[in-house]
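Take this structure first; my questions come after.
In order of appearance the chains are A, B, C and D, and numbering begins at 1 in each one.
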Amino acid sequence: MADATLVLQDVTKSFGAVAALRSGSLTVRPGSIHALVGENGAGKSTLVKIVSGVHRRDGGRFAFQGRDADFSSTAESKAAGIAVIYQEPTLFPDLSVTENIFMGRQPLGRGRRIDRARMHSEATALFDRLGVALDPRRPARGLSIADQQIIEIAKAISLDAALLVMDEPTAALSGVEVERLFAVARSLRDEGRALVFISHRFDEVFDLCDTVTVMRDGEYVSTHAIAETDVESIVGEMVGREVGELFPKTPAPLGDVVLDVEGLSSAGVFRDVSFQVRAGEIVGLAGLVGAGRSEIARAVFGVDGYDSGAVRLGGTPVARSNPRAAIRAGMAFVPEDRRKQGLVTEGSVARNVAGVIRRGLTRAGLLTSAAENRAAAPWAARLQVKTSALDMDATTMSGGNQQKVVIAKWLATQPRLLIIDEPTRGIDVGTKAEVHRLLSDLAGQGMAIVMISSELPEVLGMADRVLVVCEGRITAELDRAEATPEKVMHAATRTGPTPGSTPTATEEVPV
Amino acid sequence: MSTALVNDPATPTRGARGTQLLGALLRSRELAVLVVLLLIVLGTTLKSNGFLFSSDGFRNLLVTPSLLLLLAVGQTLVIVTRNVDLSVGSVLGLTAYLTGRLFADNPGIPVIAVFAAGLAMGALLGLVNGVLVAFGRVPALVITLGTLYIYRGIFLTWAGSDRINASDMDPGFLALGTRSILGIPVLTLIALGVLAAVGYYLHTARGGRELYAIGSDPDAATLYGLRVTRRVLVAFVLSGALAGLAGVVYAARYGTVSSGAGSGIELQAVGAAVIGGVAIFGGSGTVWGAAIGAFLLVTINRALPIVGISDFWQRAVVGALILAAIVLDRVLANRQERRLREQQGSSAAEAAPPGPDGPPVPAGPTDPTTHHDEEARA
Amino acid sequence: MSAPTLSDAPTSREPRSERTYPAYSRPLWRRALLTREFAVVALLGVVYLYSFNEVPAFDGPLTLYYLFLDIAPILLIAMPMTMVIITGEIDLSVASVVGLSSVLTGVLHQDAGLSIPVAALVAVLVGGLCGAFNGFLVAYVGLPSLAVTIGTLALYRGIAVGLLGTTAVTGFPDRWTDLAKQRIVEGSSWPMILVPFLLLLLFTTWLLHFSTFGRGVYEIGLNDEAAHFTGVNVELTKFWLFVFAGAVAGFAGVYYTLRYGSARGDNATGLELQVIAAVLLGGVSIFGGRGALHGVVAGAVLIGVISSAMRLENQTVNLINIVIGVLLVLSVTSTSFLAWASGLAAGRRRARSTDRSRTSSG
Amino acid sequence: GDGDAAPGSDGGDGDVTVTMLPKNLGNPYFDTSTSGAEKAGDELGVTVEEVGPDAASPEAQVPFINTAAQQGVEALVVSANDPTAICDALDEARSAGTSVVTFDSDTDPECRDIYVNQADAGGIAQVQVDLIAEQIGDKGEVAVLSAAANATNQNAWIELMEAEIEENHPDIELVDVVYGDDDDQKSFDQTAALLQQYPDLAGIISPTTVGISAAARYLSTSNAKGRVSLTGLGTPNQMREYVEDGTVEAFALWNPADLGYLATFTAAALANGDIEGEEGDTFEAGRLGEYTVGADGVVLLGDPFVFDGENIGDFDF
């Protein structure tokens, strides 16, 4: 076997009081795709950032291509031949797609001028290889998360690096795009490069990778050849405890209609959306990434406006474009991007959890921190938020923990309707099961729930009823019993007539 | 605000007609200001044709804005990186005084050496700003507000009540303030030369593009591996150096340097850049725009009394102009966003046509069935 | 209604050990003393004591009286400015509003014959209107406040100067000019202007630190999108803060006019920089989301004490400006310097305790 | 910390301190007047301290007046940026026992003890109108480039000049008064604007030292040189070059050093109780001889002096 491209041995890293890595180890060989798995906060991203020079390790061994390495900036790691796709997109919104890919190493023409024509044609070639049609001249601003991720991927493979690290590159991609990415990854592997692939989706791990390393609580647990292991044992190692059933959906008696959305339209985003949700019911919104599910949810909750239609909660109309009215009416909304929309990450746990209910905490005109702490503590406890004190900033927490804070914040309002967008995006299996159990419990207690998810098994496993959204319209409504992956897929892509789709909608599809 | 397309007007290819159109529209951001400028010149000339057609009028039209132009170009470099340099007025005062002192204390000193000294002094003061901003991790607004006080204090303490008079300075140097080559004043030529060099650098050099990247998203720039600290330092050094050059130009043009030299001009420099379409939060805008903005500001100031508006109202007009410029920017940006959304809609349709052999599947598992089974087992 | 009972606990189906959380990760004295605000207060104490003992005539009865008269406009405007900056915005136009309000007070009194209270009221209202214009452009049109208020800085000043040229309105009734300089108790060092200031301070403290509105202000500064998602009306909050800043600046303009007995278009030129210096010196983050009022008050008074002491030492304004500038730069860079130093210290401590933590965590 | 010997705090053991407060620092005119004051201080054995703001505005002067009151200095010599705005501050200083002398630019008479007038307004207006009339052949368009629009002295002179022109020079038309705010750059640009706006302009009067030198500098390089005459009030050092190159024929001024010298003697006389500031009081002012306090507490320095190519070489200030 060839010498390892990357060797990490007992690497440690702490941020203040948080020990992100206690002993991280990882050995990646050329010509191999190496999966790195672990729960949220296991330290995967931190390990990656040490390899790429974003962070410097506190201790341990780090060798790249047989030589000891200690990068103090990403520029150094890049120069050494390491390409990284970070978990969070790192684009320059004002610059063109092409410039984003080639920034800092643009092809130069005469007199060290940037050769723009060559740069654009190289970008086009890259997109061809990835099988996507993106205008290389458009600015990156306004691209969907999926397109942003594709640019990150194009950026990384254009680097021609010996080691390519991908930190959850598929979290926002659709099936086709994932397949194309995998094809590229395989061809890079066949060229003899080393790849590291981080994902919470086991099917992808088993589909693509040849080796897997498991991490838990900042420590190395094990490394296996993929062929010699299975999902169950890996999950066991990741969690270090028994995971309950992943989709513990129990049927609950349905009550009255809680949410009634009627003919909601917003120009260019969605059209004529109508549906109802009953107490005790979980309604899943399925569809391709970019179908407009989040936009519908945002309009219903009032963070965005809509052009026509009506939203009623328990029979009473809810004012449009007014989140506070929605909250007062009894709605709660867990948005898809927790760092940007769900949380004030630099705010304390207590302020975040008490963020929506603080109006009720005012006594004699005064709102005190003590009151907020008192109100927040039980909800944090209920969701088992891992934090040392209520005044810790949410920045110091892993994704799963942050999601718990967001959910705690909304449950604290004791809503009648919970809209939850991508409840488990980027969350590890252990926490995932917890969240699912929670949703099932809440429905059992009579809460109406709208769940948006891009993971089909999650929708099928949790929803009482599935609404399929395609290009801003609801193209199918399927009961739990009749919802099969095929039917949902058809409605989501409109490859054929599906039950529940309106005939006019099909005619107008510009396919 | 104006976008990458302005900065990146590459040769069109087929299929990019929408972009082309959009590009033309956006390039009009600079064009719009230019048109306003020309209208003002035209209108004022109709009122009093000496404004343009007397030799003094023509010279003043060109030479008066050159000072602000230098500052606006430097300011653009800094603003593009999502910073701002409020200390330029004080740097200008300090170097203008330095210029005078050099001539007064070293009669016969070569003019070129004085220019070099001014540039070096400005660069040094800019370096101090840059170091504090880049290493102190403090917003430039605060740092340069502090150095605005400090540099001016140093200037006034150094100068005391000492004033530099025209007679202290080299006549050859002062002649620069009035001499013309081919009908274009030398000072204007200096400013235009700087403009061309900086504009070329920002458009075609890797370093220049990196300044835009840094301003567009500083965190991403760090993650990406750009040398953010160094680039920001360079931007501040250049801004300082250009303010220093402006100080020398000030001495040449006005012939006297007193305690008020350059005070308050920093906001005009920022204003010129903003009017010219440089986004205050970095990442976009061009020095050409900033230069036109500088011309516009100065020319309006000179035109108002001629068209019969008391010069007391000048500042109000300048303020209204800045506001109009940023509102216009917003309108254009909104229009652009709409276009991009349309464009994205069409390209998405192109990108994922349901092929016969590989129908797209919903996001997530490539094979939902097996996945489901695996998860269920877990 | 807020504290849930155990029975409606979301995960009650599977009873677990309820976690309890300490409210704070650090003891009270560390939370109170290891802050930027406290550092400014301490510095103020040191500078004051030094001046009191070492600077000739600083211990005289007039010192504090003049000091507060001088910094009153800064103190007043710093209150709303603190909130504006905490939302991540900035208002550079306040000094121009002071100028405009001053001119209006003069013009309305002299030319329109209005009595001083009426003229003052109109001036304050116009100040609020100026703020509303800023607020509208920033909050509802969504323009960057730095650019907007650089524009209105020129616009409002331009209107002020345009209305009055560079002439001045003087000759206000003694009753009113004396009021601006009167002491709360005859013979004390506390000028009357402190009364409205203290009321404003009380109001602002409540608004920023003890009301839901204030929580929203901080959230907007830290993450305005998340604030919007939790029902904070981001636009309206910003709008009102700019109105607040404009109205207070308008009031400061009236005070300015009466204190100096002259209404001029160029009154208070450059005051915005002093206000912002005081606010930032007081520990408010220019990025928004952080800061507290006691630091700001200390920052403003510190600037006043330093200026007063240095003037008594017959230092030139230039030197005073240098000191204030250096202080501003030091105070803002100190944060990152301290973070860097404490990072170093923590690193060393960690290195020593790695083994211990490893065994305890296992 | 080492200012323990400063006056006021340690009482009056015969140590007299005079604080000079010009309109602003960094102004060579006041630099010269302060040097005269210091000379007087040396002769009298009193301490002269110069303080002042960096911009010429009344509200910037007030803190310095307050400081003088706090220090309890014996006398304050001030050139007012506004006739009334600084009155209250001066009153407080006077009630703290400080004698107040204004020079160069006066306040309302009731706010100070004595005003040392550089030349009476009529004389100053007269000399400037005479100079410009002579230079432009007593006919044509004339403009005034002043300092700030509410500078007391400037406005008084301009008013008198207007009256004088109307009365005795029917062919001269005063077309505009513009303000350079005693700022080089602004005055320079204002000159340019004047020439553009009035193509037939024959002469400019600038009764301020900053203005006249900025205007001269602009004229000397423009093609209006020789066509447009310039006169006003300036200092010989600033104007020497332009007199020698022919841009300016002649201009006027008093000697600011003498003004500061006289103001200091006046202040010392008041502080020592030699005079009360009443009309008719007389006192000795060193080499300048004896002066008498006139109506309204005004002491007049003398007639302005005309500088031209013949005599400018004899002066250095």
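Heads up, the rule we're going with is that a residue touches a chain if its C-beta (ideal position, glycine included) is under 8 Å from a C-beta of that chain, and two chains touch if they have at least 3 such contacts.
Since the structure is predicted, the reported quantities are computational estimates derived from the model, not experimental observations.
What chains touch chain C and also chain D?
B
Which chain pair has the highest count of C-beta pairs that touch?
Answer by contact count: the chains A-B.
Could you put a whole-Å number on the gap between the CA centroids of chain B and chain D?
About 41 Å separates the centre of chain B from that of chain D.
Compute the distance, rounded to whole Å, between the mean C-alpha positions of chain B and chain C.
Between these chains, centre-to-centre, one finds 30 Å.
Using the touch definition from the top, which residues of chain C touch two or more other chains?
165-166, 316-318, 321
Where does chain B touch two or more other chains at once, residue-wise?
Residue numbers touching two or more other chains: 156, 279.
Among the residues of chain D, which ones contact at least 2 other chains?
Where chain D meets two or more other chains at a single residue, that happens at 25, 54-55.
Spell out all pairs of chains that touch, sorted by label.
The complete list of chain pairs in contact reads A-B, A-C, B-C, B-D, C-D.
Which bits of chain A are touching chain B when the two form their complex?
Counting only chain A, the residues touching chain B are 53-54, 73-78, 86, 89-96, 98-99, 103-106, 108, 112-114, 116-117, 120, 132-135, 137-139, 141-144, 147, 173-176, 178-179, 201-204, 207, 231-232, 235, 243, 245-247, 268, 286-290, 429, 454-457, 460-461, 485, 488-489, 492-495, 510-511.
Looking at the complex, which residues from chain B come into contact with chain D?
Checking each residue of chain B against chain D gives 48, 50-51, 54-57, 60, 64, 156, 159-163, 165-167, 177-178, 250, 254-261, 301-302, 305-306, 311.
Any idea which chain B residues touch chain C in the complex?
84, 132, 135-139, 141-143, 145-150, 152-157, 267, 270-271, 274, 279-281, 310, 312-323, 326-327, 330
Show which residues of chain C lie in contact with chain B when the two form their complex.
By the definition above, chain C touches chain B via 90, 137, 141-144, 146-148, 150-159, 161-162, 165-166, 265, 273, 276-277, 280, 286-287, 316-322, 324-326, 328-329, 332-333, 335-337.
Which residues of chain D touch chain B in the complex?
For this pair, the touching residues of chain D are 24-28, 30-31, 34, 54-55, 178, 183-185, 188-189, 192-193, 195-197, 199, 210, 213-214, 217, 221-224, 237-238, 240-241.
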